[in-house]
Amino acid sequence: MIEISNVRKNYGDTIVVRDVSLQIPRKGITSIIGPNGAGKSTLLSMISRLLPLSAGTVTVDGLDVTTTPSDVLAKRLSILRQDNRVGSRLTVRDLVEFGRYPYSKGRLTAEDRAQAARAIGFLGLEALADRFLDELSGGQRQRAYVAMVLCQDTDYVLFDEPLNNLDMKHAVGMMKLLREAADALSKTVVLVLHDINFASCYSDYIVAMRDGTVVRHGSPQEIMTSEAIREIYDMEVEIQETQGRRISIYYT
Amino acid sequence: MKFPLAVSAVIILASISLLVGAGDLSLTALLWPQEGQHATQILLISRIPRTLALILAGAAMAVAGTIMQALTQNRFVEPSTAGTVESASLGLLTVTLFVPDSPVIVKMLVAAGFALAGTALFLRILKLVPLRSVLTVPLVGIMLGGIVGAITTFFAYRFDLLQSLNAWTTGDFSGVLRGRYELLWIGLALTLLAYFVADRLTLAGMGRDFSTNLGLRYRSIVSLGLIIVSMVTAIIVVTVGMLPFLGLIVPNVVSLMMGDNMRRSLPWIAVLGAGLVLVCDILGRVVYYPYEVPIGTIMGIIGSALFLFLLLRGRQRLA
Amino acid sequence: MRENRQPIRALLILTALTVGIITLFMSLNVRGQWDFILTFRGTKVLTMALVGYAIAVSTVLFQTVSHNRILTPSIMGFDQLYILIQTSLVFTIGSAGLTALDPRLLFAFNVGAMVVFSTALYRWLFSGSSRSLHLLVLVGIVFGVLFRSLSSFMQRIIDPNEFVVLQDRLFANFNTIDSNLLGIAVATILIASFFGWRLMHVYDVLALGREASINLGLDHGRIVTVILMLVAVLVSVSTALVGPVTFFGLLVANLAYGIAGTHKHRFVLPVATLLAVICLIGGQLILERVFAFDTALSIVIEFVGGIVFLALLIRGVAR
């Protein structure tokens, strides 16, 4: 379980995340939604110790992220931020194998290599394994990063906007894959998502943020109501139920 | 598979380097020494040290350039485009002024300290620059180098040390003799250290977030990298003078060949760096025989021409 | 109304300052023969005024053509190109023939070759529509290094034993001002200024950018060529007289934009010129009389100029 208590982030007088307390349950997919500037990405970065906290504590399975050694955390939790621009010319295989770094420290065992090959296969990247990252399209690169993070094989996997750069087909493919990771590999997946319909269709739990605070949290059923969306986004939407899933119609 | 080929090429170049020069030295003279010839002495006192110095300096500088590029995540940075060289010269000038009789290792350490401070300042300034484009980074470095260089020149001029300053800033191996190059073995040790932490340096090259996610302490690897780069630069400035663009050309070429996974690429970078330096030095020795053109000048021509090629070739990608 | 008055007031104040500084420079600490000292110092003042004018005007015009505030002819390697051409000429004639040749004839050759080569090279660089500014700067700097290395290579080959002597005799700097050339320099500048003056109405339009000026009916390509030729001539004059000064133009031009408070060239150009003259003569005066250093002026200019350049990058002027 990820336990967030009284976490705050401020830059001088600007408060980005204000005293958030939240528990993210083990197993399944938790999506964080909310308008631009709500503090979603900042919160995710603080959970994953990429950004220091201004106040409060975050613990992952009881390990405090600010005091636990980074290499210990790297075996529990992995994070992929959005807009990754890796300038290094690495092959997809190199990149994915680096996901084993927390365990191998650079000396790859046969088991590490097998794990990397599985992750590459999981993301359907076999044909591209020996290509350099800078020769791939944005969507292929995004899949390579996801493969690396999955190869890290941590209980908690955090993604900031994993659907960036992906077209319709690949976006759905990615969400299905994350669902599979949660169900078959029993991982805890935490996502920041822009598209509330994806959040609705694939998450077990939704956290809605606005102005640096958590305004609502609950099951997709509880969040996907006209009233809740109005509170989160200041927007009137119609919620329709199709095939047992709640979809918001917000295009017109 | 091709690596042994590259190594043999360097060995051939090294043998040529042993035989080429102003003093008469041929295989026959070596094998059947005659009265009044000093072939063996030339070999032991001058040629072998010079050739070793070339190999050590070339390998260390090329690797230092690679490390700089990983730490700044920028292809166009190396010690001479980051203010490192100029800072090392300033340090060397300072120690020459205040403690002129200090042993060479002390001078080297002071120069390394200055180089470290200068490079850290460079990274600090980079954080201040808004909208960093790929090319602002070396631009900032070159300007910083210019400023530090102006300070150094000013004091060198005041205290009549311009000639020494010139020796530090233009590479020249013609003065390398037994007893005057051994510091470069430390450079080899640092190169090996870099190879030992190659995985961590590669990770650091992927950026702070990536490396933190994988449990790396980003700050400490950056510090280690900076220390290696500063020491190598200082050693080279103290012993043979600066080799411009070497740390830029070789890593870029190797990166195109085989990518940036340093576990694989560092041996290549070291070997090709040594090879390029050998070629340039041999050229400098034969192009206007029996006079020598310093390697700094030759590298300046070849290096800047290749750098221009790299810049203008990837134009669309950079713009 | 205030906007109209500021440039005029700035011009008046600067003119007064210039006159004051020249008077001070001519009359301070005169002992002994007035006529000798007046000629001696008069030559110096005239040289510095010419250099100031050449650098200020060439930089402002170059920045107008390239639409930015950080590129200057010297940063783009114009000075080094001039020196390279000069060295190549000497190289072909041979150092023996050099003494027989009238330096003014050599200068005329130099300027001619400079105009041809620089216009060709930089038109090629500027011809692409979407070159990033930072790429241009970096390419220019590296061109500078290439030209400098080539020159120093050729100087070695001309006479390796007297390399340093040759370097001093051939190439002027602030302490060995080449006043033999004053006459022809004045004539060259007058002719260039005549052509420059006739284009005065075009500069402000040109500053709007390529598309805008074509839309307003300008023959953009032709005018850019003419201006580049003009710049080449001006840079030749200043480099022939005092050697390369990398950052001075940048400093003066950016100060001038601020002080003039307008972008109209008929104000910016004279303001920049006066500023340049004040800085050169004033700087020389202070360094010579107050600190008793005689040759540090170019070093100080590099130092201050480098800092200004970094500040411009940090403030994001150079996008």
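We call the chains A, B and C, going by the order they appear; numbering starts again at 1 in every chain.
Convention: a residue touches a chain if its C-beta (ideal position, glycine included) is under 8 Å from a C-beta of that chain, and two chains touch if they have at least 3 such contacts.
Computed from a predicted model, the values in this text were never measured in an experiment.
K.L.:
What chain lies farthest away from subunit B once each centre is taken as the mean of the Cα atoms?
P.N.:
A
K.L.:
By CA centroids, point me to the most central chain in this structure.
P.N.:
Nearest to the common C-alpha centre lies chain B.
K.L.:
List the centre-to-centre spacing of subunit B and subunit C in whole Å, with centres computed as mean CA coordinates.
P.N.:
34
K.L.:
Can you check how far apart subunit A and subunit C are, centre to centre, with Cα atoms defining each centre and the answer in Å?
P.N.:
57
K.L.:
In whole angstrom, what separates the CA-based centres of subunit A and subunit B?
P.N.:
Their C-alpha centroids are separated by 43 Å.
K.L.:
In their shared complex, at which residues does subunit C touch subunit B?
P.N.:
It comes out as residues 128, 130-132, 134-135, 137-139, 141-143, 145-146, 148-150, 152-153, 156-157, 160, 246-247, 293, 295-296, 299-300, 302-303, 306-307, 309-310, 313-314, 316, 318-319.
K.L.:
For subunit B, which residues are in contact with subunit C within the complex?
P.N.:
76, 125, 128-131, 133-136, 138-140, 142-144, 146-147, 149-151, 153-154, 157-158, 244, 287-288, 291-294, 297-301, 304-305, 307-308, 311-312, 315, 318-319
K.L.:
So in the complex, the part of subunit B that touches subunit A is made up of which residues?
P.N.:
Spelled out, the residues of subunit B in touch with subunit A are 70, 73-75, 198-200, 202-203, 205-210, 212-217, 255-256, 259-261, 263.
K.L.:
Over in the complex, which subunit A residues touch subunit B? Could you list them?
P.N.:
48-50, 69-75, 78-81, 84-91, 94, 98-99, 101-102, 105-106, 132, 149, 152
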